[in-house]
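Below is one structure. I have some questions about it.
Note that the chains take the letters A, B, C and D in the order they are written out, and that residue 1 is the start of every chain.
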Amino acid sequence: MKPYKLAAKEDKKHNTIISISTDTGKVMIGQGYHVLIAGPCAVESADDFLQLALFLKEEGAHILRGGLFKPRTSPYSFRGLGMEGLDIMLEARRITGLPIISEIMDYRDIELMYDAIDILQVGSRNMQNYSLLDELGKLKKPVLLKRGFSATIEEWLLAAEYILDGGNNEVILCERGIRTFETYTRNTVDIGGVALVKHLSHLPVLVDPSHGTGRWELVTPVAKAAIAAGADGVMVEVHQEPDKALSDGRQSLNKDNFKLLSRSLRELALLENRIV
Amino acid sequence: MKPYKLAAKEDKKHNTIISISTDTGKVMIGQGYHVLIAGPCAVESADDFLQLALFLKEEGAHILRGGLFKPRTSPYSFRGLGMEGLDIMLEARRITGLPIISEIMDYRDIELMYDAIDILQVGSRNMQNYSLLDELGKLKKPVLLKRGFSATIEEWLLAAEYILDGGNNEVILCERGIRTFETYTRNTVDIGGVALVKHLSHLPVLVDPSHGTGRWELVTPVAKAAIAAGADGVMVEVHQEPDKALSDGRQSLNKDNFKLLSRSLRELALLENRIV
Amino acid sequence: MKPYKLAAKEDKKHNTIISISTDTGKVMIGQGYHVLIAGPCAVESADDFLQLALFLKEEGAHILRGGLFKPRTSPYSFRGLGMEGLDIMLEARRITGLPIISEIMDYRDIELMYDAIDILQVGSRNMQNYSLLDELGKLKKPVLLKRGFSATIEEWLLAAEYILDGGNNEVILCERGIRTFETYTRNTVDIGGVALVKHLSHLPVLVDPSHGTGRWELVTPVAKAAIAAGADGVMVEVHQEPDKALSDGRQSLNKDNFKLLSRSLRELALLENRIV
Amino acid sequence: MKPYKLAAKEDKKHNTIISISTDTGKVMIGQGYHVLIAGPCAVESADDFLQLALFLKEEGAHILRGGLFKPRTSPYSFRGLGMEGLDIMLEARRITGLPIISEIMDYRDIELMYDAIDILQVGSRNMQNYSLLDELGKLKKPVLLKRGFSATIEEWLLAAEYILDGGNNEVILCERGIRTFETYTRNTVDIGGVALVKHLSHLPVLVDPSHGTGRWELVTPVAKAAIAAGADGVMVEVHQEPDKALSDGRQSLNKDNFKLLSRSLRELALLENRIV
């Protein structure tokens, strides 16, 4: 038996499909569906976020992303608007009807975020923050668990196991690139790992090609690769003016490129018989 | 200016397309074409190789691969049939009309291999064997240059530069997975690197998902990912009875799975507007 | 200027020396001193821990280590005695007069651990748990910050910067091996990194050769290498019966080997003009 | 049984000691001896090399190094003086009485180098160049085999096995740093690997801290660490004017620092009961 007994496919006849209700319907995440999550790295201002949200909705995004708390390597970098940004995200959800996802770094924020956010994201640096995983395991709320940037597949599935073992079975895995010796790209998307995790586990698996490559011109090819390899969807960073982004501008798509991405992925997902 | 001035895209208006003539036509490798190279890791016996070659031809392979000299980590492992296998490959070329590719490890073999082999392959361990690269640079013969398993993209392009600078401009790049901390897969296919090299260089770029993953069940998803990310084709290992292969059986497709792979790639390549 | 402005050597004329008072004197950590921290991976029982503590004291250990909360990759592994074990550690401190160090994984434990523990340790997996670092920055208590197993030196110093920037300037760095492709050892001790961090920063730098190698027979040679390279001390795991340890037995020294280690290090430290 | 049966310690009662005769005596390499190899990265001019050689001899070097053929990542970099430099090295050997070591990249050079060079070095990039290893296995001449920059310890010992299996049992292993994610240093010296290889094999093991760190200020601490961890000696790059070196100036010691290094290592080797 695998050490990750709840995450392993062998114990489930069916793949886990996560359904998120919205005012206008449902978004499904998992085997057989295609999901596209998009938004800026960080929520920076109300006007920009709302305008962008409407655009993303129109162009085919299923879920809105936006960072409130940004884990930053340096204490002197912009660390996000925090709870101030939450109202902006809620307004975006109201006007677009799209579910929202944001990163949680500290379990003290669960109380405030629980009602507002549809999917709580655990970032790469916190994949083995077991106190946080233990608390998320107690919730009834989908959790998107990013792979640690140097976590093996086994460690990643065991981190998911912490949440599942706590009683929360709505875990979404997200590959976001691993750290290697290569320096031309920010990280190395482990595309074989994506195919393998789909093979080993019943959980939905997404890919984040924005962090995974760190270069906007590689986001679309790698997003397409993800869908072709069997990922259940992708999460990408989009910014109205990438050059002016307070974080991660180098890896953000502009609106025109997002439009092209969305269409390419849709075609590919249809070829793969996914519900788009 | 990039340090790899001949390999860089900026110096060429057009992408390099390599054309290989056969009795029955031409095989084209490069931007806009889809190429599928297939065959066993090593040539083991005449009957098996010829039978498999006919099958691969029928199922859509464009080029036959087969190892004559196998670089093996241990001196005690099977090191290939050597020149004995060459007649078998030539016979396979004759009966199928397909071009053949095989690895060259030692420049003393150039004389014998030059007339017989359509594409000379430089393996991952020899990517920085500069004596070999210098000799290959003097030939008029396509060279498939595998990425070193720990080479950066810059080092890979500079290795190509050795061959180009010698006067041979028919270089095909092939990503075959890099070495990382992950142990569930044999190597980690750098799919973002594939997209990046297509962006940086005018040379054709292929992917070898067999060595890239080391697990046959991941070969098809990763091959599809390669095509979706912009690779100009893939090279895969196929064996009639993978369990009995003298090397690399674990990562070889059987015939049924090759058939499925070939069809999936063709569909995908058509969606991407490639000539298949 | 370096991005880690408080951790960088350029801003301090003197190296940081941390002084820990005990009933019987002081333990000094930093440039010019030699410190040896020893104890079992986890506190398992009172009798064993106290007996071992007396032995370690007699054989030259300056500080006692013992895990109360163990971050474990799998939720099903032994996770430590938690606060139950704290009384055992306090008793060991009382009878030996040695300061004690233990890992903190959750800032909710600060209240209970603050008075009892002399040095709070941040484990490798939590090096970028910024919520925890922020809380530790508010304390007046030495913090031993282990390098993340895949953190660059810059990221490590920036993690220290979080604590320093919060107002706590008693940070001790500890290299514990990084993750590489090598599988014969659990991790790869970055000995050049140790020398470099001593060069870049005024903070004390220790090495943990137990986690760093994962094999007890390599602990002494690597500990000696650490001192020779300029580290201010080492932290090692010792167990009375390594074969019966609930965690990390493979990398724990037995008593006889600890005795040899302690003497070798002392000789070496004297050669390097350290106060032992 | 280990896959590297000839390199493994279990098959030899005694460690391999390699003895190199000179006009004035013998240099011994292996367990119980301390050896210091020094010289510039590349032989650049007769005057400089001879002057430096006399200095190195006086300051305790046992063997002179100097590159004739430089494997360079780019075909446009300085690739060494080649055979032109050989006469300079021979003259240095004559006036100092020290044995000389130089890298061989191409087996066609064996004929010319065989009589002149005391130790043939296989560089990191050629560790798995099996054609070269096979040829070196046929000689009666010590071979210093550098670890590939991404080779596992098992692969390294198996590369030695190629030479041993050919009949040449005078193999010296040399750790020169492995490739990791860290960018502050050129490579990461695997100090635990050094201790482990001494444990697994009867062959002499040296360390090259110049390539291992890429920064001259780290050469001495890492060289000391190597000796403390059990290495049988070190090989370092020294240049009269590092700033003007045609290659690797950044990692070369100047004369003053070499003098300090040599003395520190001697003291340390004596503490470790080595014959210096």
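The rule is short, and it goes like this: a contact is a pair of C-beta atoms (placed from the backbone, for glycine too) under 8 Å apart; a residue touches a chain by one contact, two chains touch by 3 or more.
Just so we're clear, the structure is a prediction, and the values are computed from it rather than from any experiment.
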| item | value |
| --- | --- |
| Shortest contact path, chain B to chain D, counted in steps | 1 |
| Taking each chain's C-alpha mean as its centre, the one farthest from chain C | B |
| Centroid spacing, where centroids are CA-atom means, of chain A and chain C in whole angstrom | 35 |
| Chain A and chain D, separation of their C-alpha mean positions in angstrom | 49 |
| Residue list for chain C, restricted to those that touch at least two other chains | 150, 154, 179-181, 183 |
| Touch-based graph of the chains, sorted into line, ring, star, complete or other | complete |
| Chain A partner contacts - residues on chain C that touch it in the complex | 3-4, 71-76, 105-106, 108, 125-126, 128-131, 149-150, 154-155, 158, 161-162, 165, 179 |
| Interface residues, chain C side, partner chain D - complex | 150, 152-154, 177-178, 180-185, 187-196, 198-199, 209, 212-213, 215, 217-218, 221-222, 224-230, 267-268, 271 |
| Sites on chain D touched by chain A in the complex | 150, 179-181, 183 |
